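Across the two complexes that follow, chain A remains constant while its partner is chain B and subsequently chain C.
Right, the complex of A and B next:
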């Protein structure tokens, strides 16, 4: 049975259509395996080979992978929620309530989106602390640390813009307080607040602007920076696995 | 021949390529500045569908002497004190939450971060950096009590009717 499946699989991989899409062809040699990674636009961000230690749980606690996984859940559930949500007043609040009480599986998707959002913020922070305490931000990975800080900021902005969308009292006052914090920026604070809200108060314009930021601009930026982040892991010599440097290992401790 | 050419054309330090690159970069910079101005102007709405800052509170006789009336819709307090009428902004000076009048304690309290003010808007406690501003109050030609939420006046200016 398994052999027959494998036979069909290899037959499929030998077809012209398959080979026009996946150029690497058949084979299990190291070269072929490398080519599979190198010749895919998605996989080429990743390294062809990783050290066994780099994929052990101990080194990373898989926090980066888990952050990415929550992001993927948020994209999928977010797109589904968009199908029932109008970013206008007063429909937004009613749509949110409809998702909870009327739409089949709506409450599940909404809660999955909400809890994944909380989890992502938590995981991104945990990832940052893990990288910091393992010293993985050091040369040659300084730039990837910076990309990570950008991703942290994007995560927080995504969280903040999503906060307004239910259009309930909590959302309204949280954004009122948050946007008033922005006014404290010297000279341009009030202007930035005006541009962000599209008015002087949190109103329909603000809701629409936050919706566009939350569903289009910030996710696109996040995908872009996630791609750079992954690609830089490969370019910086893979995941930092730690361990003493040879020079330090050879140094005798003080007597 | 080359001598005559150099005599006519002063030697330029820029090659053709450099000149074109500078032109290209220059026009890109001009276009980028234009895009910034364009973007800024596009993002600033020219028409706002926000409620008027001027509030008509109706006839002053509706406010009994000593009354302290909250109007959460417009975010103001209308007070009929012994000295006359005055109006306070109900928007907390800390981070813009709507404050609440507590008639039992005779104070104004903010639910967000716990600032408290007395009936004249003076801060009693909490993180608010400033007292609640006094608003411009006047009588319309029809004799209605009017408040402009956008015009702050110095405290202790009362309207006598």
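Right, the complex of A and C next:
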């Protein structure tokens, strides 16, 4: 049964249509495996080979990978949520109730989006501290650390703008507390606050602005900076593994 | 020409030694590639490997990443099945909840707001933290990562003492005990690291830590304490409550 399935799978991969899409072919040689990465627009930001130590759990705890994964989950669940959401009052809150009582698996969808968002903030912070404690910000990776700080602030803004969208008491007052802090900025604080909220208080204009920021501007910026972040990992010589290279410690005796 | 080592063991003899190689000529370059090797006694040429072992990104790296992502997704799905996201009543500008709390990752800042004026807690401190994060990799003191007490120990101890006293005085003046505790803790650990002749693995580990390590660890502990207090220990009027009273 399994053999038959494998046979069909390999037959499919040998068809002209499949090979026109995935040019890596069906082999398992290192050349084919390189092509899996090289020939994919999504994977070609990565290097074809990585250091053996870089894939060990100890080095990264996979925190960067998992941060990216939460972002992907948030994009998918977020797009689905957008299908049921009107960024205006009082419809926004009514849509939350619809998700709860009308939409199939609506509660699950919202839960997954919410918990993934919290997980992303946690993971991004953890990623930052892990990178710091491993000293991975050192040359030549200085700039990628700065890109990471940009991504951290983008993550916080993404989470914060999303916080308002349910338009319940929790959302309204959390954003009120947060935006009041902006007024404390000397000279231009009130102007910035007005610009952010589209008014002097958190109102329907603020909801629309936060919606546009949350669903369009900030995700696009995040995708851009994630791409730069990944690309720079490769350009800066791969993931920092630290410590002396084990191969230098032991020299291979001549056979 | 092909030169191969003589397998015979050299005899410890005062007599002149026989040549320790045999010469051979072969015109088939495929079978015997042209090379000359001189092997002298008691040394063996070593190949220094400068390249690390690598693995293919696909499948070795990406497969592990997929497994990690899968575990995360399973965890998040369980979370989403077991716990519902909060949804309170319709937003009402006339009805202020007490306390009104920001999202959890800003509760450390909101807790600071309880001690300091808004321009300090809401503007100055976050901006300074952000700027500090950006410049982390550009300071040589971070890049060299030398133990904080490795050089100029006396001078540095004096600077440390003055700085610590000033910070403790500031925190006492504003009654910020939540930050004072981690500050004293880190200060004590730094002093422990400053002993001139560290013995034992832990003491040596402490002594090897650079200044940036201490600052970031202090920041991590202080921010965590503030966030936990803001989340679980603050009730109406931002007064202290216990988590079970919330």
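The rule we apply is simple: the second predicted complex is superposed on the first by the 204 of 255 C-alpha atoms of A that agree within 3 Å, B and C clash if a C-alpha of one lies under 4 Å from a C-alpha of the other, contacts with A are read in each partner's own complex, and residues count from 1 in each chain.
Here, contacts are C-beta pairs under 8 Å (C-beta built on N, C-alpha and C of every residue); 3 or more make two chains touch, one makes a residue touch a chain.
Quick caveat, the model's predicted, so the values are computed rather than measured.
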| item | value |
| --- | --- |
| Dominant toucher of chain A (residue count), chain B or chain C | C |
| Chain B versus chain C as contact partner of A:177, first or second or both or neither | both |
| Touched partner set for A:185, first chain B, second chain C, both or neither | second |
| Touching partner for A:199 - first (chain B), second (chain C), both, neither | first |
| Intersection of chain A interface sets (partners chain B, chain C) | 173, 176-177, 180-181, 201 |
| Residues on chain B engaged by chain A in the complex (per definition of touch) | 40, 43-45, 48-50, 95-97, 112 |
| Residues on chain A engaged by chain C in the complex (per definition of touch) | 30, 33-34, 36-37, 43, 46-55, 62, 65-66, 69-70, 73, 89-90, 93, 96, 100, 107-108, 110-116, 118-119, 121, 125, 128-129, 132-133, 135, 137-139, 141-142, 145-146, 149, 152-153, 156, 159-160, 163, 166-174, 176-178, 180-186, 189, 201-202, 241, 245-248, 251-254 |
| Complex contacts: residues of chain A adjacent to chain B | 173, 176-177, 179-181, 194-195, 198-201, 203-205 |
| Of chain C, residues touching chain A in the complex | 44-62, 64-65, 68-69, 72-73, 76-77, 79-81, 83-93, 95-97, 100-106, 109-110, 113, 117-119, 121-123, 130, 133-134, 136-138, 142-143, 145, 212-213, 216, 220 |
